[in-house]
Each structure stands twice: as C-alpha cells, then as structure tokens.
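Common to both upcoming complexes is subunit A, partnered first by subunit B, then by subunit C.
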Partner chain A sequence: MHISRRRLGVYAVALAFAIVMNFVLPRLMPGSPVDAMIAQLGPRATPAAIEAIKARFGAVDQPLLSQFVDYLKGLATLDLGVSVKYYPQTVTQVLGRSEIWTSFLVVTAIIFSLCVGVVLGAVAAWRRGGRFDTIVSPLAVIMIAIPPVIIALTTLFVFAVSLQWFPVGYAYDPNLDPAFNFTFIGSVFAHAILPVLTLSPYLIGEFQTTMRSSMISVLGEDYVTMGRAKGLSHRAVMFSYGARNAMLPVLTNLALMLGAVFGGSIVTEIVFNYPGLGLTLYTASITRDYPVIQGQLLLMTLATLGANLLVDIIYGLVDPRLREASE
Partner chain B sequence: MGQHKSVNRIVSARAGWAAATALAALMAWGTGAASAAEAVLTMHIEEQTSWVQNFNPFDLAGRRQSTMDFIYEPLVIFNAQDGGKPVWRLATGYKFSDDLKSITYELRPGVKWSDGQPLTSADVKYTIDLMLKNAALDIVGVGQTVASVDAPSPTEVKINLKAINSDFPESIGDLPVVPEHIWKDVADPVAFKNDKPIGSGPMTELRRFTPQVYEQCRNPNYWDAASLHVDCLRLPQISGNDQMLATLPEGKMDWIGSFIPEIDKTFVALDADHNGYWQPPAETVAFQMNFKSTNPGNLEAYKDLNFRHAFSLAMDRTAMVDIAGFGYPVVNLHASGLPPRFESWRNKDAEGAKDEFMGFDTAKANKILDDAGYKKGADGFRTTPSGKPIAFPVIVPNGWTDWIDAVQIAVEGLRAAGINASVATPEYEQWQKQILDGSFEVVMNSRADGATPFRGYYQSLSTNYGGRITSAPSRYSDPKLDALFDQYSKVTSDDDHKKIFNEIQVMIADGFPVVPVFNGPTWYQYSSKRFAGWVTDKDPVMNPEDHDNNRMRLMHLLRLKPVQ
Partner chain C sequence: MNFALQPILAQKKAVAGLIIIVVLGLMALFAPVIAPGEPAARVGRSHQPPSVEHVMGTTKMGRDVYRQFVWGARTSLAVGFATGIAITILGTAIGLIAGYVGGRTDAVLDLVTNAVLVIPNLPLLILLASFAGTVGPMTIMVIIALTSWPWGARMTRAQTLALRNRDFVTASKMIGEPAWRIIFVEILPNLTPLVGINLVGSIIYALVAQTTLEYLGFGDPLKVSWGTMLYNAQNSSAIMVGAWWDIGAPAAGIALTGLGLALLNFTFDEIANPQLRSGPALTRWFRLTRARNRQLEARR
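Take a look at the complex of A and B:
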C-alpha cells in the first residue's frame, strides 16, 4: 500500500457521513411511500383501496429512530432491506439487476472518452496555437458545458425517432433472451451506442482539457527537449516522453468525475429507458422507496470513494516519485 | 463493431451504415415477423421502469395492471356507457332478498379455472372470507358492507349485508375471485407474488416474463373461448409518455392508453389508414371550496351562493380546454356537473335556466359580487359583506402541467372579478395530504365515477365521505341531500333510482356546492393494422380504455379479431 493512514481516515469519515446522509436525505422529501402508493392508484384509490394499502404497508411509517437503527443493523449485516415499490423483492435484487447495465454504460463511456480525449488533448498541446488546437480546444469547453439531457433528447429524436437508425429504448431487444452469442451481444451494443454517445461529450471535453494543459507543462521539461535533441521522432517524443507523464492529472480527474458521470447516467437512462441504476433511482425517488434510495446512494458513494482510492493506488504505481516518498 | 460486417446482407437498405445500424434494423425486423402465425396484441396499460412478476390481485399498487379481467374475470361488469346495465360474466344474475339484507349471486355453470378445476361458489365464498379476515386484502371494502357469506349450492353465493345497500353489487365490481385450491396453501397472501397465476379470465398463461416485456396468453380452459380471437397479450415496458412518443413511429403498438400531445400529428399521421383514437369525456373536474376553512373571510365567501355563482362566471372553461388541455377535455356547462357519459341519467329539469351561471362573463360576476356587498378595497380586491378580507390559493399538484395551466386561467378570471386568488403547486403527496387533513382553501379536482353517476356524487358530496377521500375535499354537508343518498341506496329498481337521482341533480344544481369546469378525457388509441373490432366514436358502446379502472376492457378485448 502506498497510502498514508491519514488518507484512509479521510475515506472513513467520508463513508460515515455518506451513510448518515443516505438515511436523512430521502426522508427530507415530502410524502411517504404509502402516500406515494395511494397517489399512484389515481382513480382506483377508492376508500376501501386506501384502507387496504395502509393495512398492507403501515409498517413502513415507523418512528425515525427505529428506522435508523434498523438501517444501521441492515448495513452491518449487508442486508439492504426490502423494496417498497417492488415489494417483496429485496433492494439487493433490485439494484443487482440494474447495476450491471450502469457499470457497462459508464465504463464503456469512460474508456471511449479517455481514448478520444487523451489523444485530442495531446495533439492539441503538441501543436498548441495551430489550426487543430484552435478548433478542438474551444469545442472541448462547449462539450463540457452542454447538459447531458440536451444531448440525450437530441440524439434520441434525431437518430432513434426520426431516422430510426438506433432503438429508442431498453438495454437489448426484449425479444431476445440473454445468451452469449452474436445476436444478443450485438443487440446490447446497438442499444448502448446512443447512451454512451450521450455520456461521452462531457467526459471527452474534461479529459481533453486536462490532458492539454498538463501536456503543455510537461513539454516544457528538459527531458522532452533532450528527447528532441537526441533526434527521436515527433510521435515518440509526444507519446512516450510527453503523454505518458501528462496522464497523471487526467487519472485524478477521472476519479473526481465519476460522480458527475453517474449523474449524467441518471438523465441518460431515463431518456433512453435504459434499465440501469439511474432509472431505478428515479423511480425510487418518485415512489419514496427509501430502502432502494438508500442502497442506491450507498452504492454510488462506495463507487466514488472506491475509485478515488484506486486512483491513489495507481498514482503510486505510475509515478515512482510518490512511491518513494511514501516509503 | 466495425468488423461485424456479416449482418449487413440481411438489411440491404441501410448497408452503407456501420454494423450497429444494421443490428438495430435487424431487431426491428425480428419483432415484426413474430406475430405471423398467432394473434399477438401489443398493449400499453401502465408506466413502469421495470416489470415485476406480481399478479397478486389483492396487491393494488404492485400487481401488473393486466391482472384483473384478463386473469381474474369479474362476476359482473356494469357498463356505464349503456346506462349501467350489467354484462354477466362469472355470474349470470343476482337477486336481493325481500328485506334487502342479503343478495344471492347465481354463478355461471361449467366455468373452469385455467388449471381445469371447476370454479364454484366455494371459491367466491373463500375469496370474500379471505378479505374479511385480512384487512390488507380488502380492496373493495367488504369489511364494511358484508356480514357473512354462504354457499347454499355450487352455483349460488348468498352474501349477508351489514346494512341495506342497493349499491352493493357495484361496490364489489372490482372483486377478483381467486381459486381456493391454490390460495388455501399460500402462507402469506399479502406478500404473495402469484407469479404463476391460475385464473378464470381469457389470458392466464404467462409465456414470457422479463423486466422489459411480458406475454400473457390464452387460457386453455376459458369458458367464453368462442368469443376470444386474440392469442396473446404482449406488454412491453414503457417508462413514460416521452418513451411512448418515441416508440410510436415503430408502429408496433395495437392498444394504447397514453396521453399523446398533438395526437393527430404525433400518432394518427404516422399511419393514417390504421391509427385512430377516441377520447370520450370522463369524470367531471370541478373547483371545490373548503367548507371547513379556518379562514373566516374565505369561509364566509365560500358559504355564500352568490360568491360561488360569481366564481363560476369567472371561469373561462373554453380556454382551459383548448389552451391547457390540448383540446382533449370537454367543457361542462351544467350546474349539476353531470358527466356526459351518463347521458341517459340526465334530468332536463336540473338544467336550462339553472345553468345561467355556467358561462364566462366577468361583467356579470362583478355585478353579482357588487350587488351582494363584496366591496373592492384600495388594492382592487374585494372583502366579504361583513368586511373580512378574502384571499386564497388554489392548490394543484406540482408537475400536472395541464391542470396548472387550467388553474392559472381560473385564477386570472377570479382576479378580474376582484377576488384575490393565487396558484399553489405542492407535491402530489402534499396536495393529497392537504385535501385529507382539510388545511387547503380551494382545489381543482376530479371525482371517480362508478358505472352509474350515483357513486361519484355520493362519495364527493355526502356528509359521510366529506374529507375522507381525495374526491371529497369540499366537506359539503346538506342533510336533505344526505337523505336522498340514503333513500337511493335503499331501493333497487332502476326506475326508483332514476327518480331519486333526478331529485339529486336538481338539488345540486340549486345548491351549487362545487364549480364544475370540464370533463377530462379517457386515454385510448388503437391501430387497426393487425386487429379489427375497435370501439370508436361511431360505435360508442363502452368505455374503450385499457386501464385497470375500466372493467369493460375485457369486453373490448373479446370484440377484437386479427386482420387476415
């Protein structure tokens, strides 16, 4: 391990804070799961129906303190409870089936954007002030600024609804059963293209800008000048000497951005009816499904903290100076 | 994905595009071909982000909304569009005893459950007893109406009532009869998901169930199989209106129950030969004032008939329908507020002259208020005749954009008449809570109708229901009206019911407790590409909606035939 004890302490405090907030935040919303359920019945909410639902879910409206104790007990035993909305399914089941899809979307989007963003940023820095740089770099700022919801709705309307090149929803063709064959995997990819393209612009913009500025400072280093003096090719200097060392800030950024990517995936999943965590969180919020919201937020917190931890570790591996410093 | 070029041969039309495009098209092609041999009807009833395999008919909020009717056939359906006449299903008739204290249902002989076991009176008795024992299952309120149940013979069920109640058959219209031989072994019928349902309806067999789509197919033992020409119902998961709009161009949906804005452009125009809709007016939407308000000025105004008349004259109903409602609702210009679907119940004596305050006439509204002593203050707003200020928010749920616009129009009208009204948009749950705890001032709300107009009026305007349900916010209390309601539930003949309801209409038109504005639409769209027999405005024989609150959807399904 290349991480100081103090750093681990920070992680522990962040986790504890998140655990408390996960409990408090959903309950600050007006209304309760029972109210939401009655509300959902609409015209079917006869007096008898309302009474039946209250009798069925009355246990949900318990005093806050005992809810909190139950919540902590559940966490300690890794039991996240039972969903109210999808009763009697457990939160683990509900999150389990959506978690795969969000991970798939987010990871694909990150890998894709990382490749594109890093290369664009490196090239732009290499020829800074050139024509490529003057076009691509402002574009990155624009891409960061456009909210995912606009990209999602536009791509959905243009490519899925009007042109019908891509499906308008789902993670795969509902007629197919999950199987390890070309048709199914192809279907998964076809359904992921628009969501991934929606998530990517922000990421590409961020990676590209970070890469460009970090690359510029690296290119001023003596060893780069020395590489050039040795007569190495442009490409070798750019990637082996420049880009490799300029990557570090990009990695830090990646961990920090994970939260933003999850946020973007909520909107994207709602627009594309993609069965991931975002859509689940959205439904759970509307129906005041506290156990699912808690579990979901916990999962996201763990993912973000985990990613930061991972970056701390990778940092040590990539940058020998840090490794030595901590030893 | 660029290397998977091999699929391109299947879709030559878009071969120029990358393999991803080809895949998308391939999938569309695959879906279309599936229904060649059997008649699969694709329908949309409810919006969910993921299907959960729950067919427990007693779990109102969690059950898939294709559970009633299609899996659990009703005893009898009352057709509101046909004067509330019964359509006999599992039952073939019922009779009240002479003292009206019990009712005996005659069951259809020879009906079988989908597993081949006979359906008898024991099942009906078992179901009602189960609900009596467990309040969480009592979705039709038998706990309040039923004393006990007997099964004198396999085809007879005798239900002993707690009180005389001629409305009883309608009150158990949503009762699902479940098979005793299955449910007696269920340990916890509340948590039971019933994921492999055994039912009595036409579509009991679950062929496929995934979070994104499920298929419900023909019951091999259906008693009315001769009328059933649809082999399977297919229900793709759709999460909301926007998703539905995006799906429509694919042309795969047959029976839809969605709000589709600009429907002629966004739906009909996609396939003008086949796509159609009929959205007949449903429940009456009315402004209701809180007759138990704690604000003395407001209360004084609400209780004054002149004020309510002026309120009504300040309503630009046409603008509400055209601007706020996309033209889908229909204005209600009757002081009695009778919904158009109950045309056969209409009492002409409650209309005509009594509707004189139902137009939009700001000048007249101002004159009525002036004459009644509502003086305008320096701020331009009126006070009550006794000099108290009037100021109230009209609450409407946040996000209900069409309703918010309608309330906005109403508030503009009221302010033009010197009434200090405003709009408040709490969250739906808060809105509901304010109605139930009586802390609101004025609300625009609809009421749920039954197969006859009686229920809607009774539940929204009787002292008994005031404030207990969201359709009864006004807490109106009129002993004479209560007496009429009571009288209605103690007679059984149609003629007597009509006579009493005529009086109810007159009394409400005169008393004018609420301000009716318009009737909201039902949501029904169809495609005749694959199926024929759809109910249309030219043949308005039933409520055409496929939603769970419309039992007639079963009869609608039985009308449909695949197009050759």
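Take a look at the complex of A and C:
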C-alpha cells in the first residue's frame, strides 16, 4: 500500500474537524439545546435520560477539556449518545437501521451512473465535435446544475402520481413482510427505481464530463496513435487503449463526489419517503434530535474518508507511476 | 464590442445562457412592476389551477403563485449570486495565497482545503443550520460560503503554482513590488477564465444548496423565495393532490437559472481549456479526415 502521509494527514484533519464541530456547536449555541431536548423527551424524561443528555451537551460542572476527553472516549467505543426522538434507542441503533437503505440507493446509483457516464464521455471524446458530442456534452453540464430536489419532485409527480408507473414512496410495499423471496425483492427494486433515477443525472453528468476531458488528453498520447497504426479496430483503441487509462481521474472524482451523493440522497429520500439516513436526518432536524444529526455527520464523514482512502489504495495499485513516486 | 466579451458572445450556448440569466434578473429587479402587490397576500381560493386571473394558479393558502414566483426570484437570485461571489472571493484568495507564498503557509492552507473538501457538505450544512434554528438568507449565505470554497481554492492554487516562477513574476519581485501587489495585480489577471469558471460554478452550487436548505425548512418561511415556495408546496402536499403548478413554478425557476448558468459555464470551460472545445472548426477538421479516410479506403 502506498498512501502518502500527506493524504492521511488530510483525512485526520477532516475527521478531527467533524468531531470538534460536533463537540463545540451545541456548547456555542445560544439558548440551551439541553432544555429543548428535555422538553422534546416529554414524559420519557427519566433522570437517567436527562443525565445522559446533559453529560453529552456540556450542561455539567466540568472543565471543557475533561468534557472533551469524555466525549472522545464515548466515540472510541462507538457510543454516539441516545436519540431524543426514539429514546431509549441509541443513535447507533437509529442510524444502523437506516444506513442499509442509503447504502443500497447510493451504491446502485453510483454503479449505474458510472457505466452510463463513462461510456457517454468516452464516445463524446472519441467523436469530439460530432453531433453526438455537441448534444450530449452540454447536457451533462446542465444536469449537474439542476438541484436534486427539482428532479426528485418532477419524477415523483410525473411517474408516480400522474402515470402511476411506480410506487410513490417507502422502500418496499408496507403490506409485505421483509423476507428473502421474489415478491419482496421485486418490491424493493420497484421502490428503488425512481430514487436511483433521481440521484443519477448529477452523477452521470459529473462522470461524463470528467471522462470526456480525461479521454481527450489520453487520445493525444503516443500509445493511442500506436494502437491506431497497428490497425486495431476503433472499438479496441477506444476502450482498451483510451478509456481504460482515462478512467483514473473518474475514480478520484468519484471519491470526492461521495459527499455530494450523500447530499443528493438526503433530498431524494425525503421526497420519496425512503427510510434511509437522509430521512432520519430530516426527522431529526425537525424534532431537533441533535445527537442523531451529529452522529449522521460523523458517519457520512467516515464513509467519505473511507471511500477516499480506498480510491487512494486502488490508485496506487493501478497506476505504477504513483507507486514509483511514493517510493 | 468589448474585447473581453467577444469569445463569450461568439458562442451560441453562452448567448442563450446569458439571455436566460438576464431575463430572470430583470424579472426579479422589476418585480413591483410586473407583479404588483404583496406576494404573501391571500387573493383567491385554495389550490386553484392556472386561469386568466391567476396565471400560475394559487397555493394552498390561496396566494397567487405567479406573484410569489416573480418576488421569489429576488431572494433566490440575490442569495445565489451573492453567495457565489463570496465563495469565489474566499476560494480565489486562499488559493492565490497558498500557491504564491508556499512553504508552511501553503502546507497548512492546502491541508485545510483538502480536509474541508472531503467533509460531506449537506450534512454539515444541516448540522450548522439546525443549531442556528430558522435562519434568514444572510445566515444561509454565510453557512454555504464557509463550507464550499475549497473547490475554487484547489483550482486556483494549482494554477498559481504554475505561474509563480514565470519571468514576469520574478521581474516584479526584483523591482520590489510588495507580495500583495504581485498576487492581486500581476498574477490574478492571468487567472481570469479560472475565476469565471469558479464564479459560475459557485453560483450554481449556492443555488442548489440554498434551495435544498430552504426546501428542508431551514429558511425563513416569511421570506418568499423559490426554495420556501417548494417547502410550502411540499407541506401542503401539493403533489399528492395534483397541484402541479404550485411545485412547477419554483422548480422551473430554479431549473432555468441552473440551465442558464450551465450554458455559460460550458463556454468558460472551453475558453480556459481549448482542448475541450467542440466548435465548428473541429467539425470541419473531422469532416476532412473522414473524407480523406474514405479516399484511402477507395484507393485500396
């Protein structure tokens, strides 16, 4: 493995930033979030619950530093506190429940968009200036500029409410019991189609634009000319010589975009009432369930960092030049 | 014609984008003239479809959608553009300083830039906004600007690094120009296309982020904007009762603005990076090579 110390430093700082934000914000906030949360708990506000919230949000007579140390100790044991809305469930439980659905949506959308975007971008670069390129490439830039909210609301209205081709919400038919059979899995897929299609335009646009510009510079390389000179078929040169090497920047972009994909999935899940992290975050933000909001930020930061780290590792394996450089 | 505008106006896409943005801008500017009256006033029955009286129908609260659409453009565009400008200034300044000064300053700034870049933006925005409570456009602006400058900073830094050792910079140093002058007067003008891309991209981003935050209910519900229109429409389940005009109007406004900006950005990209160009000249070249290939085939 060849990951530069510099990159690791970046990830450490990002994680530290997210943690410090989580610690500092509730203590900076005007008015007391603790009172708001205890009020939210209502009749469930047992002394134990109040104590847990107070300790977490700094309404205790302890110096800041020891509060911070306690906070870090909690994080190290995966203790993210208790949810205010779903008390006595812990944040870890609440997030764990919804995390599967978000991962399912995000991964499906990324794989789908990666296939479509890379092919479109490669073909557009190959026929640069042709009719295909002049139509498809500006379209990609436009797709990036349209907020996911708009796409989600439009697809929901057109395909679910008006045409009734797809269900209007949730992850599966609520009349079905979760089971590993054809009906249930079919229902899960039918419910995922619109959310995935909503997430995809932005991703396709990004992948396609990156792929196009990276492919254009790769096509200028000598080995591509060599491939052509050898009399290889267009397709062989385009995919085995060009696209394969042009994929690297797309990978980097993918890791960096994961944060934006999470953003898109938050909105999509809210519009389609999809029971993932986004919907949980939304409910938490309405009910001022601060521990869940904080846990969410940590979880998503960790996921993005993990993806970036993974890409760094893959990059080192795929691109021999980088290996040389780090040695 | 202004020299700087010429490459932009030569492109049909850019002109189309510019027209869209200018028309929307004028609409926002002249809101009191083209849609007189208080946008929050109750003027008709609930959820009326578009008619002569209410061109875009009414909302659940019986407010005129057209009036809200025109007045909403004011807040949405103002916040979007102002935030975009703030992001660009922040990103450009940080990138320039990191790239030019180098050394430890660069190491620290670059570290921070990359770190903020990998933190997911929207969850961070939601965290900040939910601790701040219901926030006005000004707070939304600050929150978005503080979390989204790194893209621009990274681009600017890379470009500055490439420029800092050029002869004209060395010459200015020798004359004894102060660092700030070299950065902002000597180097910055060379980054104009980059700043353009950054600006348009940031405005697009700000628009998306602002709409999302307002849609989630963090905006000031008393201030009419396209995002809060979406929020209100969503809360009155406009989609489920088939009141498409209630959602459609603000959605179209945001989508149009995005479209206009995207068309502009596409052109900026091509100016900054001629390699990406797909204009008429290239088409001609392709036609020529194709013809030549055909001739070669025929000869064989």
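Everything below uses one rule, namely that the second predicted complex is superposed on the first by the 278 of 327 C-alpha atoms of A that agree within 3 Å, B and C clash if a C-alpha of one lies under 4 Å from a C-alpha of the other, contacts with A are read in each partner's own complex, and residues count from 1 in each chain.
Convention: a contact is a pair of C-beta atoms (placed from the backbone, for glycine too) under 8 Å apart; a residue touches a chain by one contact, two chains touch by 3 or more.
As the structure is a computational prediction, the values presented were derived from the model and not from experiment.
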When the two structures are overlaid on chain A, which partner does A:L156 contact: first (subunit B), second (subunit C), both, or neither? both
Should A:F182 be classified as contacting the first partner (subunit B), the second (subunit C), both, or neither? first
Have a look at where A:I270 lands relative to subunit B and subunit C in the superposition and call it first, second, both or neither. both
Look at A:S217 in the shared chain and tell me whether it touches subunit B only, subunit C only, both, or neither; answer first, second, both or neither. second
Quick check for you: in the superposed arrangement, does A:P138 touch first (subunit B), second (subunit C), both or neither? second
First, second, both or neither for A:P88, with subunit B first and subunit C second: first
Please indicate which partner A:Y282 is in contact with in the superposed arrangement: first for subunit B, second for subunit C, both, or neither. both
Overlapping contact positions on subunit A, where the subunit C interface meets the subunit B interface: 156-157, 161, 168, 270, 282, 288
Can you check the complex and tell me which residues of subunit B touch subunit A? 1, 4, 7, 14, 17, 19-21, 23-25, 27-28, 30-31, 34, 48-50, 52, 58-62, 135-141, 143-144, 174, 190-191, 193, 210-213, 236-239, 242-243, 245-247, 249-250, 283, 426-430, 432-433, 446, 448, 459, 465, 468-470, 548-549
Would you mind writing out the residues of subunit A in touch with subunit C in their complex? 6, 9-11, 13-14, 17-18, 21-22, 25-26, 28-29, 33, 127-130, 133-134, 137-138, 141-142, 144-150, 153-154, 156-157, 161-162, 168, 212-213, 216-217, 256, 258-260, 262-263, 266-267, 270, 281-282, 284-286, 288, 290, 293-294, 296-297, 300-301, 303-305, 308
Residues on subunit A engaged by subunit B in the complex (per definition of touch): 30-32, 35-53, 55-56, 85-89, 97-98, 156-157, 160-161, 164-171, 173-175, 177, 182, 186-187, 189-190, 193, 270-271, 273, 275, 279-280, 282-283, 288
What does subunit C use to touch subunit A in their complex? 13, 111-112, 114-124, 126-132, 204, 207-208, 211-212, 215-218, 230, 234, 239-240, 242, 244, 247, 251, 254-255, 258-259, 261-263, 265-266, 269, 273, 275-279, 282-283, 285-286
